[in-house]
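Note that the chains take the letters A, B and C in the order they are written out, and that residue 1 is the start of every chain.
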């Protein structure tokens, strides 16, 4: 589904990613871990197409298509979803209007009929129940005045609405209390099918107790330095990242 | 007296005063300086006396003042013996400053002759600087205070003969504040013109205090302009304390040019005065330059205090922050015009402005005119203005804790005022002014023909 | 960012939809302005003597006045002798049924989307259509008359209700108020008149559509709304004009009088032709609008969405005379290309416990300039006056300007006046967030701009709100960054 080959990227002239290789297949859950500043969020943003990040080398194909030819909204409509580490507030734009536009843009892209207001509201009710999001939130402006936990729940709710084939969850666990973490994880697990895939970007192992990964990768100084099964996450939890740095001979 | 004057009108009369005294005014001064006078005269005649028709003077009408004055002009230094003990009374021991004295707009050679300054610092009369530091003065004179922009600048330039010249060399940090005391003293009503220049070299630091000091009950009009050049990374604070009697009209113009990474702090504390108009223009003309501009005015009786600021963001990444407050009692009137102008290339500008005012009576009046002129989209700018009364809830809260209403009001007013005073970085001065404001709010500072700092003794 | 700039340009440079010219026979008089012209206008309208006197007084006063210069506006000098001051569709006056109306005229209004036909009137809006200064059709007159509501063209009101006109004309906007008010008072040709009797709630929205059609004409209409004690009315105003290379002058006056406990809501969606992408042509829109909250607890609310005109210069104002009266001003002004808008309000507090609110949202794109200019004045006797003003500016791109010039004059110590203003741009992160959800940059900008203006748009009557939202998006077309 997603193939990243020898990816280099920089932010404000500074090299952050230095040769990433990663393949994600349908039905898989990948966790990308690593210490602060290792490039985790950069990778997530490069995948989504943020213009602040400049790709200098390498390729990314998504469902066989070169992703660099696509603007961020096309990538989204191709089925790539980013759950933001810091969801953006958009004053005055109601959640309903925002999501209705998003959902219908996706449908138009797939040559499907746009949803009527009634159908849309019905869909929204279903999904809201599924991710246990407070009804009140959808009556407000996008992320405006939401608490940290509400913002993250809102991201998962949007994911439920848009049903992406590849979901990238950027530090979705940060700033969540245990109940919110459970709700968010439940949402992610519930949306999992054999046809879609998930990339969890996280600093801590905590989230992986709830969403069990098939593969764990350690990102360090812009490269994936270690890949293994879920047991790697547990090892990191116990020992921290230092032993990996030592292994790398630093 | 007034009958005749009304017929002539202020503009032709002042033009005539200039014409009659032309040779005296120009005497001893170089051609390049005297050549600025004629354009100034033209500019003055074109703009006329500032009044409500002049947009920038909408709330300070000076036409009556100028139509009715027939004050003496001091075209040569007045030979007053300044009673030093009287003047220096404010030099309380713990308040250690380098003193600089002017009398009626003239640099006072006698009083200043023994003052020691840190090495490299030049403090002298503008006249002497013109002779001895010609290059510097000629380079900067009249470059920031532009006659075409303001009739009061035009008038000042027309009659400018002397004032203070201060030069702080590169990399010098002066720890003791420079305290400028402008003494007004005359046996008859007097019109005073003073022109100053301050040049702060790269990475220099200094704190300047301006104190106006009226020694006699005569009427004065004081037109005082200072041009300030602040070099790269220099840090300059300018504090002015205005405490003059109610027959004084005081116009103070400060025009500043800031280079890269320089920092400016100004704080104008007005305790007393007849008609006070403070003009401040700051050009942020180097990246990372910052300006913190503050003012507090307490007015009562028929006083009028008007602060005008114009902050021009010319280069990117500069910051400006303005905070002005007025407390108005009796029939006093207040004005505030604050202009933030972000020029097209000044991206990443952060410019903020706040003006808060409290009216204590229905006869008092506050006019405020905050303005944003933004020609770049990558900016953070905001302004806010309020005119209101003492917060009822807060008042009630204090009363509920057993504080009587009068005291509670004073506490709240003082708290309101203190936000501005907190920006004074000279601790001793802040304490002194804190006390002064407290007394002023209690109506205990009323000794008007004396300087502010005298009152605390 | 560059792509975004390009998109802003594309989005903001779409074409003006209402730029067609209708081929309607018009009766015009010779161009130019003098007392004779004013006499002709008055005679053509068969006016009583007091009207002619009012016009001449205004004209003589106008001659002594000068075009004001204080606004933040660049414009060519207007040659008042080159303007035609009276142009009317020849087939004007009384239409018994729509069948008698010039079919071209009907098509014009159809194109504008104005429901002139009675069937369409089921939408519940009574319309007075003014084309080139003359009211051509007022609908629902009879239904309204049953309740004693007068809704007719200004000319009809002069004929049938001269007492009301004589009493209220110039009460809110005196003939000598300002340069353009004096000009309008001298030459105005028509407009709408509304009278809501005591205790009556107007059952439907009243609406005027203004259309400039003829060439070289100025439009000088005049609206007068009187809401008697305990009445309510909501009034809508819409405007369009053909695309022409030369500038055309529109100098209107709106006067509102609200008596005890009366409430008037006046909503404008102004979409005069703004000129082309290079700033050629377009309407000069210099309008004087003022309401007097004359009675106790009366309320006047000005809502406006301003997207058109080459130059807009207007300050819908309120004089809060009655104790406990309330005034609101809600405005969205969008400028693009070379448009200039200098708009705002005046709130004059005279009565006790009066309250005013100002919400102004400026949006600038292209090379345009957008200024808020407002005055809040509290008279010494206006105990407990309260004003809150919020003026926000949104800049799209780095070639436009946003300016805020509030004037606050307070002479009462028990009043509380607050003013806040901010300037911002659309965050790149906001656009990226929308993109990531599959929303294109163009749609994202439209969405964010509408979100920004929502507070004001929500104040508009439903149909107008939808119209206004679309208009904001269209007006931005070709400009987005």
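In this text, contacts are C-beta pairs under 8 Å (C-beta built on N, C-alpha and C of every residue); 3 or more make two chains touch, one makes a residue touch a chain.
All values reported here derive from a predicted model rather than from experimental measurement.
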{"item": "Overall pattern in which the protein chains touch one another (line/ring/star/complete/other)", "value": "line"}
{"item": "Most widely separated chain from subunit B, with each centre as the mean of CA atoms", "value": "A"}
{"item": "Chain closest to the assembly centre - both centres taken as Cα means", "value": "C"}
{"item": "Best-connected chain pair, where connection means C-beta pairs in contact", "value": "B-C"}
{"item": "Separation of subunit A from subunit C, taking each centre as the mean of its C-alpha atoms, in whole Å", "value": "48"}
{"item": "Averaged-CA centre spacing for the pair subunit B and subunit A, given as whole angstrom", "value": "58"}
{"item": "Subunit B and subunit C: spacing of chain centres that average the CA atoms, whole Å", "value": "44"}
{"item": "Multi-chain contact residues (two or more partners), subunit B", "value": "none"}
{"item": "Per-residue multi-chain contacts in subunit A, two or more chains", "value": "none"}
{"item": "Residues on subunit C engaged by subunit A in the complex (per definition of touch)", "value": "1, 3, 427-430, 432-441, 443, 447-448, 450-455"}
{"item": "Contact footprint of subunit C on subunit A as seen in their complex", "value": "48-52, 71-73, 75-77, 81-82, 84, 87-94, 97-99, 101-102, 105-106, 109, 141-142, 158, 162"}
{"item": "Touching residues (chain side subunit B, partner subunit C) in the complex", "value": "55, 344, 347, 357, 359-389"}
{"item": "Contacting residues of subunit C [partner subunit B, same complex]", "value": "70, 378, 380-381, 393, 395-425, 481"}
